[in-house]
Amino acid sequence: MKKFVNDPKNFVPEMLKGIALANPDTLRYVPEYNLIMRADAPRHDKVSIVQGSGSGHEPAHVMVVGKGMLDGACPGDVFAAPPMEYVLETAKLLASDKGVLLLVNNYTGDKMAFEMAAELAEAEGLLVRTLFINDDVAVKDSTWTVGRRGVAGNFFVMKAVGAASEAGASLDELVRIGEKVNSVTRTMGIALTPCTPPAKGSPLFELADDEMEVGVGIHGEPGRRRAKLVSADEIVDELLGAVVPDLPYSSGDEVALMINGLGGTPISELYLLYGLAHEKLAAQGITVGRSYVGEYCTSLDMAGASLTLVQLDDEIKDLLLAPAEIANRVF
Amino acid sequence: MSDARVESVVRTITTTCIENETYFGDLDSVVGDGDFGFSLARGFENVLAQWDTFDRSDTGTFLQKVAVVMSGRIGGTSGPIWGTAFLRAASQVKGTQEVRGTDVVAMLRAAIEGIKARGGADLGEKTLLDALAPMTDTIERELAAGTSPADIAKAAAATARDAAEATRPMQARRGRASYTGERSIGSLDPGAVAVAVLAERVADTW
Amino acid sequence: MKKFVNDPKNFVPEMLKGIALANPDTLRYVPEYNLIMRADAPRHDKVSIVQGSGSGHEPAHVMVVGKGMLDGACPGDVFAAPPMEYVLETAKLLASDKGVLLLVNNYTGDKMAFEMAAELAEAEGLLVRTLFINDDVAVKDSTWTVGRRGVAGNFFVMKAVGAASEAGASLDELVRIGEKVNSVTRTMGIALTPCTPPAKGSPLFELADDEMEVGVGIHGEPGRRRAKLVSADEIVDELLGAVVPDLPYSSGDEVALMINGLGGTPISELYLLYGLAHEKLAAQGITVGRSYVGEYCTSLDMAGASLTLVQLDDEIKDLLLAPAEIANRVF
Amino acid sequence: MSDARVESVVRTITTTCIENETYFGDLDSVVGDGDFGFSLARGFENVLAQWDTFDRSDTGTFLQKVAVVMSGRIGGTSGPIWGTAFLRAASQVKGTQEVRGTDVVAMLRAAIEGIKARGGADLGEKTLLDALAPMTDTIERELAAGTSPADIAKAAAATARDAAEATRPMQARRGRASYTGERSIGSLDPGAVAVAVLAERVADTW
C-alpha cells in the first residue's frame, strides 16, 4: 500500500486534526464525533447545514466546512456511514433557532443513520430537516438498494443551500432550494484504477491494464459495465451520452459543468476532459455558464473522473456565485 | 421505575449478543459481509458498559436510552435497524412503569413497523422481520388464549426458530447479502437466526 | 497507461484549451506559444510576471495565471523546457512599460531557454529581468547540474511577486522581493510511486511495493536515497530533518508550511501529513503562520508529497495574504 | 547584403545537420539520451524552411535570424547552445556586408564565449567546445601565416577531427551525458564530432 499513514485506525482522526490545525481561526474539531465545525457555529441568524458520509471522499465533506457552505461535517470511518450518535450530537451542537438541515448522500447506511438521528433530535425538540442527494445516473439502485447514489453533484447542493442559509433563508426555503438543485443535477463517473482503503491495504477491486469501469461508484461499487480503455474523446462521449439525456439537458440550456477527479488523476487530465466536454456540449447547443474542474468528491486514490451537469437558472447561478470560505482552498 | 422484567429481557439480549459475536459473524459470512456479529457485539457492549447509568424513570425512557447507546456508535445496517426497533418499542411504553402482555405486543408491532420504515424491507425479503413478525403473532395468540407468561415465551421461541429456518429458501433483497442475488438462497438469514437465539435465551431464563 | 488522453502529442494543447474554455472572461490562450495569459495583459501600470517550465506540474504554472499571480505561463511539452521562441514571444506579447519579470525554475534547459530569450528580448528593447527559483534541498545539483532544483516553493515566489506587481512595485523591487522569498524557502519531496508521461506510456522509473524515493525531483529524478516505506510520522521527521536545518529555521520563527501533493496522493493524506508536521514544528518552537495543503507543483500522477517551509516576515506575510484570482480555484 | 560565403557555410551546416540526424543521434545514445541528432535536425529544418525569408540587410542580421529560427522551437541543450553561438557570432558582424578572415576568428571566439556563458561549460568537459576552440586556434594561426581560405578550411577540419577524437578519454561534465559519470569515458562527444563533420563538409564544399 502506497500511502502516507500511521496506524490505519487513526487515518481519519489524524486527517481531521490536520484540517483543524491548518484552519485554527475558522474551524473547530470535536474528536468525539469526527466533527469539523465552523468556529462561530451555531449562529442563530442562520440555519445550520450539516453533511456527513463515509470518509475517503475528501474534500467532501470535512474540507467544505466554512462560511457559505457547511456549518459542520461528521464523517464516519473510510467508506462507512457516520454512527448515528455522531449525527445526533452534531445536530445538537449546531442546533440553531432557525433549524438544522441534514444533507445526506443517498446510501442505505447514511440514510438510516441520519433518519434515526433526525428522529431523536426532533424528540429532543430540535428543528431538523433531512435532504437526500442522488445525482448518479450510472445505476438505478445504489449498493444498498435505496435508489440512485449521491456523488459529486452534492457539491452544488451544499454550495446552494450554504449560500442561501448565509443570506438568512428559512429551513423550508433551504429544503426547497436543495431539492431543486438536486433535481437538476446529474453525474456519471469512470474509474481507471481501483482505490485502496488504508485499513484494507489492498485495492478494493481489480481492473486490468487496458480496462475501465464505466459508471463506477465512489466506494468502488461496480458501474454499468467494464470496458476497454478508450480515448478521452470517446470517454467524454460516453459520459455525456449517459448524463445529458437523463434529465434531459437540451439545446438552449445553460449549465454548470464539473469535471471531478476521483483522487489519483492529475488536474492536467481533468482540464483536458473539461475542454472536450465543453465543446461537445456547445455543439449540442448547451452553454456552460459555470465551470468546476478539480477534486470535489473523491474515492481515495482512485484514478478516474466524473462529469456533472447542473441546469442553471438565475436563482441557482446567484447561489453558486456567492462567495464562500472553506478549508479546501488555494491561498 | 422501569419494568424489572423488561430490564431482565434487555439484559439477556445484551449478553447473548455479546456471547454470540463469532457465531452471528460466521452466519453473515456465508453470503453477507461478515460484520453482523461484530456490529451487535460492539453495540451491546456499550449497553453493558453504561447499564447502571441509564435513566430508569419509566420503561419507555429506559428503552430509549438503550436504543441510543446500542445504535449510537456502530455503523452499517444493524445499528439503525436495532436502534429503531428499541426506540419504537420505547414509544409504546413512554411513562409506563409496569408493562403488561398487551404492551409487549404493541411494542413488538411498533418495532416491526419501525424496522420496515427505516430499512424499507418487507416480509419475505430474508431479514430479521421474517422471524420477528411470526413470533409476535404467536405471542398475541397465546396471550388471547390466556397462556402463562413463561409458556408464551417458550411458544414465541419455538415460532422464531421455525421462522428462522424458513428463511433458507428465501432470496435476500436487503442489506449486503442482497448483492449475491440467487446465491443467497439456501442459507439462513443471520438476523432471523439471531431473533431465534435471543427468544430461546429469554424463554430459558424466564 | 491509465490516463485520460487522446493523441499524447496533443496532451498539452488539449489541456491548455480546457483551461481557456473554463475561464473565458479572464484568460486568453495563444496556441502558437502554449501561452495562457491574462485577458487584460499587458497592463502598463504593472510589471508583467511570466513563468514557464515543462508541463506535467499542474497547477504550476498555467493554472496560476490570473490577477495577483502570473500574467502569463508558456510551458513546454511534458517535462521539457519551453522552446526559447515561446519565452521570447511571450515576453513580447506581455511587454509592459514597467517591464517583464521572467521566473525560472532552476534547471539547465529552462535556464538556457529563458536566458537566451531574455537576451533577445533586451536586444529588441524590452525591459526584462530573470529570477531563478531553487528551493529543493534534496540534492545540491539538479539533473542538469546547475545547482539546486526549483520545485513547489515556486508558488511562494509567484504569489509574492504577483501581489507586489499588482500593487505597482517596480521591476527592481520585484527582483528584490522574489530573491528574498526564494532565499527563505526550502522544500523536500518523497515519491511513493513513479509517474507516467503520456507520450512514454510507461512509468519513468521503478519503485518496489515497499519502497519510497526520498528527495525525488518533480521529473522523477533520483533523490537522496531509496528507502523502505515507513510511517507518515517517520516520513515527516525525515522531511523536516532535511528542510529545517538547511536554512536553518529556528525556534521563534514564524513560517508558512506547505504540504504539496505530487499528483496521485489524495488530499486526505496530505492533511494527515500537515497535522503531523505542524505539531512537530510547534514542538521545535516554530510557529506555522500560514498553511497550504493541496496540489501546487505536481509530477503528473506520481503518488508522493513535498514539504515546504517559508520563513515569514511582515512583508512576505502581507504579500501571501493579498487576494488573487487564478484558474486553479474551487468555486 | 549578407556575405555570400557565410550564407554558403550556413547552408552547408544546415543540410549536413539534417542529413546526419541518425548518425548524431546514435552518437548521443552511447552515453547520452539520444536526442542530439533529432534536436539539430528539427532546428535546421526550420532554417531550411525559412531560408528565403531571412532578412539579409547585412551579415549580422542574417545570422541573427538564423540563430532565432534554429533555436526557437527546439528544447533541450542544443537549441540554446547553438542559437547562442550563432547569435554571438552575428553580433561581431552587425552592419557588416563582407566578412573577412579576422571577422571569422572574432565570430568563432564570440561563439565560444557565448556557449561557455550559456551552458557553464569549460574546455576539457567533453563538449563541442573541445573541437571548436582548437579549430579556431588553427584558423587564427593559418590566417596569420597567410594560408589561402580553402587551405585554412582544410586545416580547420583536420584539427576539429583530431580534437573530436581527443574527447574520447574525457569524462562528460555537462548535459545529459554527465549523468553517466565515469561511464562516459571511452566514447566520443557527439557535439565535438558534429563540429568535425561540419568543418569537413565546409572544407569539401569550399
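To keep things simple, chains are lettered A, B, C and D as they appear, and every chain counts its residues starting from 1.
One rule holds for everything that comes next: a residue touches a chain if its C-beta (ideal position, glycine included) is under 8 Å from a C-beta of that chain, and two chains touch if they have at least 3 such contacts.
Predicted model only: the values in this text are computed from it and were never measured.
K.L.:
With chain centres defined as C-alpha means, what is the inter-centre distance between subunit B and subunit D in Å?
P.N.:
89
K.L.:
Can you work out the whole-Å distance between the CA centroids of subunit C and subunit D?
P.N.:
Going by mean C-alpha positions, subunit C sits 34 Å from subunit D.
K.L.:
Can you compute the centre-to-centre distance for subunit A and subunit D, using the mean CA position of each chain? Integer Å is fine.
P.N.:
Centres of subunit A and subunit D (C-alpha means) sit 59 Å apart.
K.L.:
Specify, in ascending order, the residues of subunit A that touch 2 or more different other chains.
P.N.:
Expected reply: no residues.
K.L.:
Edges wherever two chains touch, nodes for the chains themselves; is that graph a line, a ring, a star, complete, or other here?
P.N.:
Contact pattern: an open line, chains touching in sequence.
K.L.:
Show me, using the given definition of touch, all chain pairs that touch one another.
P.N.:
A-B, A-C, C-D
K.L.:
Looking at the complex, which residues from subunit A come into contact with subunit B?
P.N.:
Touch list, subunit A to subunit B: 76-77, 80-85, 88, 108-109, 112-113, 115-116, 119-120, 143-146.
K.L.:
Could you pull out which subunit D residues touch subunit C in their complex?
P.N.:
The contact residues of subunit D facing subunit C are 68, 71-77, 79-81, 83-84, 87, 118-120, 173-176, 178-179.
K.L.:
Inside the complex, what are the residues of subunit C that reach subunit A?
P.N.:
Touching subunit A from subunit C are residues 2-6, 11, 14-23, 55-56, 58-59, 63, 159, 192-193, 209, 229, 231-233, 235, 263-276, 278-279, 288, 291-295, 298, 300-301, 303, 305, 320, 323-324, 326, 328-331.
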